[in-house]
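Below you'll find the structures, each written out as structure tokens.
Note that subunit A is present in both complexes that follow, paired respectively with subunit B and with subunit C.
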Partner chain A sequence: MTGHGSIVLIEQNCTSCMICARECPSWCITIDSHTETVVDQPAGARARTENVLDRFAIDWSLCMFCGICVDECPFDALEWATPQALPARTLTALTHEIPDLSAH
Partner chain B sequence: MRWLDWYGDGSTIVVDIGLACCALEFEAATGLVPAVPGAAATVDATRLAAGGRVVVVVSGTVTDRLAPAVAAIVDAAGSYGGQRPTVVSFGACASSGGPYWDSYAVTKGVEQLVEVDVFVPGCPPPPEALAAVLDDISGRVAS
Partner chain C sequence: MSGQLLSAEDVPTDRWLSSVQHARDLGFDYFDWLGCTDDIGRTDTFRVTVVLRDLADGGLRTRMLSTAVPRDEPVLDSIRTVFVGAGWHEREAAELFGLRFTGGDGRRLLLSPTFEGAPLRKEQVLGSRAAVGWPGAKEPGESAASPSRRRMVPPGVPDRDVWGERDSAQPPAEPAEVAASTGGGRVRRRSR
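Entry: the complex of A and B
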């Protein structure tokens, strides 16, 4: 069984929809994204844009490991993982960015 | 507040500032100490061996009302052992205010009061995390 030691981000599933960040009771998820125009559209189609994720960070010093973000993500982009989020010597080191949050 | 002789040899005296739920995990961690006589026994500061260190563990929510008392305990702990104590912030509340960071009454992390050496994530962190941090601080290899 997967433990509840940390949360991993499956980056390619994330649509930057912000639902996890808004539902997080501790407000410890930070997301930055921008929109890009979709280029390979069929001729005559209306222009479309899509979100591109720039930053996804979880502040483990604030996280209460409730799993609400994992449950609420409509795109299965967040998952529990067994390895424990490790102690750090500074508070800033407890904010983990996309590379730290990606499954190993 | 209690002083505990973590390894039973006076090398590491742990000062326990238990303020909320995380204090239960501190309590559970005392069951993980090496099985030697006197380990995790409640002592007074005179038990500190020469060259030993004092480790203050803040576990739980620090409120602005309590903040001066927490700072005073860390100061007082420094007067034993002749150096500032190692300070461990155990759990989300102690580190940043945790789920209550937005409350008017809650201190947003014990680092606003005293210098902190290690921040342990979790709400609460598992007892094993505290045992490992203390093993690390005292130069023992974490099991």
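Entry: the complex of A and C
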């Protein structure tokens, strides 16, 4: 059984839809993204854009481990994990970015 | 609640105490709970509800009484002379909704003595949330470098046209207008 020590991001599933950041009651998720034109398109297709995730951060000093983001994510990009978020000497060091949040 | 649907008996405010007393005399002599809800947006009232039980038959017989307390004069008779335990619930409703219970215990229950306002009234604005940036305000594909023109507000913070940056020539927004705009979500386009 998966523990509830931390939340990991499965980056390739994330579409930067902002739902987790808006649903989070403690405002601990920060997302930056930009749009790019899809290049790999069949000839004659209409130009499409997609969102590209630049930054995904969880501030563990604010997170209350409610798991609403895990429940709300429509793309299963967030998941519970057993290892706990590591303690830090400063508050800012408790903000974990994409590399820290990726599943090991 | 025991698998049965309770329907509340609506009681006029001035007959609140006597109705509760009457129900107790009918055998509903166990006080279960008393609660309050804010009816803003539908009527300008608070609804106070009490549930009483008859323990003789396994506690299955219940009576629910409720009354609509006007918003501009939120005063109701206390029922703690009938059920002592109701005093605790009344103190909670009084401080969270700004009600006054005549003959009730006026002391605060949960909030600090310096707290101002009635936090469960729906027009109560989460001021500290209005003052800091909300991470969810951004749109998908948006970063601080390329802000979007659409605006989202978090739950509990009204549209800035209603509260915060309201046109000073206008009177302050009515409680119902503030309450209606604190649901969060997309903000309507600015009119000016």
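By definition in this document, the second predicted complex is superposed on the first by the 104 of 104 C-alpha atoms of A that agree within 3 Å, B and C clash if a C-alpha of one lies under 4 Å from a C-alpha of the other, contacts with A are read in each partner's own complex, and residues count from 1 in each chain.
What we mean here is this: a residue touches a chain if its C-beta (ideal position, glycine included) is under 8 Å from a C-beta of that chain, and two chains touch if they have at least 3 such contacts.
This structure is a prediction, so every number in the text was calculated from the model and none was measured.
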{"item": "First, second, both or neither for A:Ala85, with subunit B first and subunit C second", "value": "first"}
{"item": "Subunit B versus subunit C as contact partner of A:Ile68, first or second or both or neither", "value": "neither"}
{"item": "Shared contact residues on subunit A - subunit B and subunit C", "value": "27"}
{"item": "Residue ranges of subunit A in contact with subunit C within the complex", "value": "15-18, 21-24, 27-35, 49, 51-52, 54-55"}
{"item": "Complex contact set, residues of subunit C against subunit A", "value": "132, 134-136, 138-144, 146, 152, 154"}
{"item": "Residues of subunit B that touch subunit A when the two form their complex", "value": "92, 95-99, 101-102, 109, 111, 117-123, 126, 129, 132-133"}
{"item": "Subunit A - residues contacting subunit B, complex", "value": "25-27, 59-66, 84-91, 94"}
